[in-house]
Amino acid sequence: MTVDNRTRNLAHIRASFRSEGAMRLLRARITRLERGCAEITAKNQAVLSQQDGFVHAGVLATMMDSAGGYAALSVLPPGSRVLAVEFKINFMAPAVGDTIRGIGTVRRMGKRIAVCELEAKTRKNKTWITCAWGSQTVYCIKAGEANG
Amino acid sequence: MTVDNRTRNLAHIRASFRSEGAMRLLRARITRLERGCAEITAKNQAVLSQQDGFVHAGVLATMMDSAGGYAALSVLPPGSRVLAVEFKINFMAPAVGDTIRGIGTVRRMGKRIAVCELEAKTRKNKTWITCAWGSQTVYCIKAGEANG
Amino acid sequence: MTVDNRTRNLAHIRASFRSEGAMRLLRARITRLERGCAEITAKNQAVLSQQDGFVHAGVLATMMDSAGGYAALSVLPPGSRVLAVEFKINFMAPAVGDTIRGIGTVRRMGKRIAVCELEAKTRKNKTWITCAWGSQTVYCIKAGEANG
Amino acid sequence: MTVDNRTRNLAHIRASFRSEGAMRLLRARITRLERGCAEITAKNQAVLSQQDGFVHAGVLATMMDSAGGYAALSVLPPGSRVLAVEFKINFMAPAVGDTIRGIGTVRRMGKRIAVCELEAKTRKNKTWITCAWGSQTVYCIKAGEANG
């Protein structure tokens, strides 16, 4: 059985995901992963809330940041590493419902710097609503290159 | 016994803090609270990490966001509410060590909009290092005013 | 002859545009204006450059900021006002070419706060390239409401 | 006469500044330049305004962006280059008065990435007011290194 590069790359991402303590803490899992896009989903829980009972902005940011990082990683050669340089997120609607999702999409991949679009959605009564949206700068250390 | 406005205000903030599930999840506590400034501290744990073992950017963001919100709340009349409109955070150094701290400071309080400076520090070998820094826009619903 | 609300609104936006000194300085004009979207275009000139000869990031930001403001204004009742609370822009490619365009699109309109997506493109050899992309928070003072 | 490294570096920055068309357009000049900090000043003019007569947010951004870039350049070896990756700016007060100033300060210089704090002030009736504040990510290509 052969494993092509693309599949190995995704396996590498899933292994990276499993090593993130914060993803275990949120009981999150990767629900979509393709070239340039990653989606992370978790059940909402009382321990994810802020003072008004909505999902905490930082919890949304955690899922969005990981999703963006994996989106960047998905277009890099296996063995590459990514580091968040910064992100900026606008909170657009109260985050309520039973399920939380963070989505990252690569908007531009440069030699060292990737720019990703980040989005968070929550599902309530079977309807998904965008509750946060933003952008992220990712520093990419490509496999086989010097540390940068 | 009289309770002056300022003390009541801080009690209100501490009550709000206790109602945040995400702060319990991170085992965070308020370690400083004064007019225009709030500081939140938590012990580092394996479940707060990203894939390289550093504290997850989103965990830092969670503590920074709450600290900024409480900083804004601390200059408003008791009974007021705050909502994060957006934040932007630069990650400046790997977040490693035994303790994590988020600090929020009000830079400007307007009629409806506050701007806070956010900072995250981690302590390693008894030395604190700034690992993240940013800004936050907070929407303020002052007690006694219409919803805005 | 009757002038409907929508047409009056756009006339109001064009009048506002003409009152912007900075748009005259850049010799910019509105090239598209519809509900929720505005586009501003200018010829590139040597006086718009940064040190490497590319269009200055701040010139792109100026056109993007105005475009976002007019996009927000286009969905508000005539006589409303908008103020930029903040913007964040990623620069994704060197801005070179004969023509510069700033595009603003409303992503969410709330009671007081609008969030716009901003984009800048430049045209070289008849091809448009996205050279900057970002987000903007706009404070909206709707006609007929108190100042906020 | 010897010229030490530091002086050569600053001469290099002033030459770079003179090559910026946008700085000529705004009639701006460097009014302070030291290791890690740069300040750019211009007289206010009607052609710098937005629709309410305040200085346009993009004009403030232009001066802040250049100031941040020169602040970063001032701590790099002569012959180095800088590129804005992104900036985020909060607008905190109406920008009115006779003089406009953009200030950039290096908060962290890494191997490739610098983070600068940006501020804009305007002077009215001899009093300076902070009207904008933000952060900037700068990509640094150090003299003598590969393009990165």
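Things worth noting here:
Read from first to last, the chains carry the letters A, B, C and D; within each, the first residue is number 1.
In the analysis below, a residue touches a chain if its C-beta (ideal position, glycine included) is under 8 Å from a C-beta of that chain, and two chains touch if they have at least 3 such contacts.
Please read these numbers as outputs of a predicted model, since none were measured by experiment.
Simply put, of B-C and A-C, more C-beta pairs touch at A-C. Greatest centre-to-centre distance from subunit B is found for C, with centres as Cα means.
Between subunit A and subunit D, the superposing rotation on Cα atoms measures out at 180°, rounded to the nearest 5. As a whole-number value, the distance joining the C-alpha centres of subunit B and subunit C reads 33 Å. One simple way to say how far apart two chains are is to compare their mean CA positions; for subunit C and subunit D this gives 23 Å. Once the centre of each chain is set as its mean CA position, subunit A and subunit C turn out to be 30 Å apart.
Within subunit C, the positions touching two or more other chains are listed as 85-86, 88, 90, 134-135, 137. Chain contact summary for the complex, subunit C toward subunit A: residues 88, 90, 92-93, 107-108, 110, 115, 130, 133-135, 137.
Within the complex formed with subunit B, the residues of subunit A that make contact are 16-17, 19-22, 24-25, 45-52, 56-59, 61-66, 69, 81, 83-91, 134.
By the touch criterion given at the top, residues 85-86, 88, 111-113, 135, 137, 139, 147-148 of subunit D touch subunit A in their complex.
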